[in-house]
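Chains here go by letter, A, B, C and D, matching the order in which they are written, and residues are numbered from 1 within each.
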Amino acid sequence: MRYTISAPSTLIVNVHALRTPSQVILEEHFSAEPWAGVKVEELAAGTGENRFVRIETGKAKELTITYKATVEVTHHLVTASQLGRVAVEKMNPGLIPYLFPSRYCQSDQLGRLAWDKFGKIRNTYERVLAVADWVHRNVDYVRGSTNGSTAAYDTVIQRAGVCRDFAHLGIALCRALTIPARYFTAYAHDLEPPDFHALFEAYIGNRWMLFDATRLVPLNGVVRIGSGRDAADAAVATIFGRVRCDETTVSCKVVEKGFKALTLKELKKKGVSLDAA
Amino acid sequence: MRYTISAPSTLIVNVHALRTPSQVILEEHFSAEPWAGVKVEELAAGTGENRFVRIETGKAKELTITYKATVEVTHHLVTASQLGRVAVEKMNPGLIPYLFPSRYCQSDQLGRLAWDKFGKIRNTYERVLAVADWVHRNVDYVRGSTNGSTAAYDTVIQRAGVCRDFAHLGIALCRALTIPARYFTAYAHDLEPPDFHALFEAYIGNRWMLFDATRLVPLNGVVRIGSGRDAADAAVATIFGRVRCDETTVSCKVVEKGFKALTLKELKKKGVSLDAA
Amino acid sequence: MRYTISAPSTLIVNVHALRTPSQVILEEHFSAEPWAGVKVEELAAGTGENRFVRIETGKAKELTITYKATVEVTHHLVTASQLGRVAVEKMNPGLIPYLFPSRYCQSDQLGRLAWDKFGKIRNTYERVLAVADWVHRNVDYVRGSTNGSTAAYDTVIQRAGVCRDFAHLGIALCRALTIPARYFTAYAHDLEPPDFHALFEAYIGNRWMLFDATRLVPLNGVVRIGSGRDAADAAVATIFGRVRCDETTVSCKVVEKGFKALTLKELKKKGVSLDAA
Amino acid sequence: MRYTISAPSTLIVNVHALRTPSQVILEEHFSAEPWAGVKVEELAAGTGENRFVRIETGKAKELTITYKATVEVTHHLVTASQLGRVAVEKMNPGLIPYLFPSRYCQSDQLGRLAWDKFGKIRNTYERVLAVADWVHRNVDYVRGSTNGSTAAYDTVIQRAGVCRDFAHLGIALCRALTIPARYFTAYAHDLEPPDFHALFEAYIGNRWMLFDATRLVPLNGVVRIGSGRDAADAAVATIFGRVRCDETTVSCKVVEKGFKALTLKELKKKGVSLDAA
């Protein structure tokens, strides 16, 4: 990522792959250039916590941030029937914030729409699948159609967006239906053109289940970066000051031999992909 | 609080006083009526965590929620000069979310306004005081002028609101200035007419400092209920379904003999009130 | 209408029935009280033009506005087949503004939604009927659910509103489909509870055809007050200053003996009601 | 202007210079290419009325629109003292719509802000000058910072925009102050880089007075294209369908020998530029 800086600014960057039991980082490298005058602070993060880097640009006029990693990801498959058995979840207090509206997911405004469209589906897993399908059918994927202030509220009307907008709308509808839902960013295999990707998770049974309303990537080809309520929590870079992003280059390759991409279609036949937190 | 329910709904209620080292609950009572058919679940909360109650209304057509407590609150005063000494805070990772925009605090949109108005003030504490003063001077307190979807974005334009709107705008401006800020609800002594109150805190030095842009209550006459990024996290009641609030009655009395209300004016002379988390 | 005035203010009031070839005013009376110190100016209006009254409140603290009229209304019925014959209208330049977005009808944002839902219907009249039906099915009529700043943009999401919101959404969808559409206010027979009503017209063939997405009143029981692009142009009262409306009482009775209310259902069988401009 | 068309669409184009007594078109040329299959209809416009062209793209995949004209413009100067004499205007009914909020000028939301900032200035001309100055001081001119849905509501918060945003905010504030105000587009001498320009007019005394909150062009170097309530009425192109603008090239040269640019600074000394409608 290359930035032009017109006044001393602060960036909070979130590009490091998350460390979780099912996502082990074999190797990684991070750099911010120039070093001179730029203050870089990596914030301590526990297992499963977003790995933020805080950068004070000082007098630098340009900034180049590089991150490379090799990551081993394990996915669990859960069969739909298993999910079907868990009728009502015990609500863990930690889940409550994922029921509340957030910057880009105004679930408080979507109650009537959500219950009208999905209220008759009893099974929670099928309900969220229907949400993801509805978003997929009703929103067009159009590069450049939205910007950093676009929220689920807008996407309901404009019916166009990019991955982050698809995720936000999916999340907002789930929350309106009293289903905890959260956002995450990822490096994704096979995304065309390559870029950061955004997906969403819904808490069903007693697990966070993975959904991608864009249907652009195999669900097992995803390396998780940051989670949160929405893009505000997991932005690749949050900028305080006068900074312009000039270029972002992302590349994601599968190293494993014999890797088999699991599309939603195949998953629907067999079961459902699950990411451990 | 009295509710009319037109379809089976879920409520997440947050009216219990927070338990913190400086806020000890001597006695409390909570009830939801009717009991029959209504499922009430108190979620486990650690010290300093919001105490949520989840209510499934079932077939009830009405619901009355009552909470009473006697609470002992200790306040710490910090002198402005002490705060002045702490030039830049070490950013604890737990504070990062309080820098991000949220449902009602679109700090991402307020950067130019905030830096233009407050950028020249170097001392962080004075900067936040200036924010609170600006909100007080530019926003009129007008009952009924806003509703549950009003956010800081709107208040900048409409220049009218209630306590929650004052707090949201103060928070959004702080975050735009890279100062962590959060929202909290409270029972407040001397609020006229009596109601729930909302205030905000900014993280200065290494403490959460208390601000009330409405100037309606003494800062030491406040019993903390819930904290969070904004009213979405600390709503008195979050409603999923068809529920109408018919009536809310709040009463808050000082039991202590010889209690002396500390207004912002007096605090400015002496120092600043501080709430331990 | 009764107002409380807290500072010298200006009101632009639009409650007079429109004069058109098909709407003849037999008798009318208008008054604003008190007269002393209040400046009332009736603006000259041609046939078919909104009849505005401009009121400068001066030092008055209260204001009561009264309007009474007896109006003879003629309706024309056009059969659907006649409308069907007019494939594409010659676009009169005066119609162009009714294709553009306006304060409460952000048709520029609704293109994808409108074409996705209604693009396949070829006949213009049937397309607008489908729009009115869609609004009726997807929006709940809920008193008090919206306010003076609510626009079509919001109603798409919130799915609740009053007559003005139904009209705005119908108009916005028509314009997104390149069909000129406008808003009008009316006194309406049989509205329960009695109030001002709002409807919309779409320009089909070479006529303004009448639609009521709320389905609350017979289309031939309507006395037209003001037309315009949306409620901004035809507000009952536009207030510049500090004025609060305390009470509005509307009453509308059919004088004609043997009047037969024509509901949309009956009209669908026979043809369609038409108002001459 | 070059467009790429992905589905049969309608464009309403407004690039012709306005014909008014003070703006005489000596020569002009308009073309849309390709001609084959593209239906172009020039709508009849009276003196002072916007000159719209309606284009049905048919099956064309590309469209190039060219307009060239030589225009003679006469400006009238009115001294500030003359304006000062006209204390209150007689409100012509035709002016009323310019008092109402519109798509991009939500004056209904800005009452408190406007009266708080400008309420104490008694002279109407000075009041509008103060509005234009305030917009100039508080909004940064930043190319690419806004898009076609940005309105005055947003600019109050974001404090950045282009000429159209400056005009919208100026208009909205005037209307909130009960001063009729309108928007117009223009070809402008000396605009750097060359582009369409947008300005605003306020009705003071009994004339439309010209203001440019951007201060980017001499007020006498302007050829008027379209007027209206805001950019919705005077958009260079309103698109119904799937059309992308690829390129816009504007060039505006002064033919007159000895032309003297009149900046706002000079005008302030002498009087004020005025455009006849």
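We take it that a residue touches a chain if its C-beta (ideal position, glycine included) is under 8 Å from a C-beta of that chain, and two chains touch if they have at least 3 such contacts.
Given the structure is predicted, the values throughout are model-derived calculations rather than measurements.
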Chains adjacent to chain A and to chain B under the stated definition are none
Fit chain B to chain C on CA atoms, both being copies of the same sequence, and give the resulting rotation angle in degrees, nearest 5. 180
Centre to centre, by mean C-alpha position, how many angstrom separate chain A and chain C? 45
Cα centre of chain C to Cα centre of chain D, whole Å, reads 29
Among chain C residues, those touching two or more other chains are 106, 109
Tell me, which pairs of chains are in touch? A-B, A-C, B-D, C-D
Flag every residue of chain D that touches chain C in the complex, lowest number first. 10, 12, 41, 43-45, 49-50, 52, 54, 91-93, 96-97, 99-103, 105-106, 108-109, 111, 148-149, 176-178, 228, 232-233, 235, 238, 240-241
What residues of chain D sit close enough to touch chain B in their complex? 106, 109-110, 112-113, 116, 138, 140, 153-154, 156-160
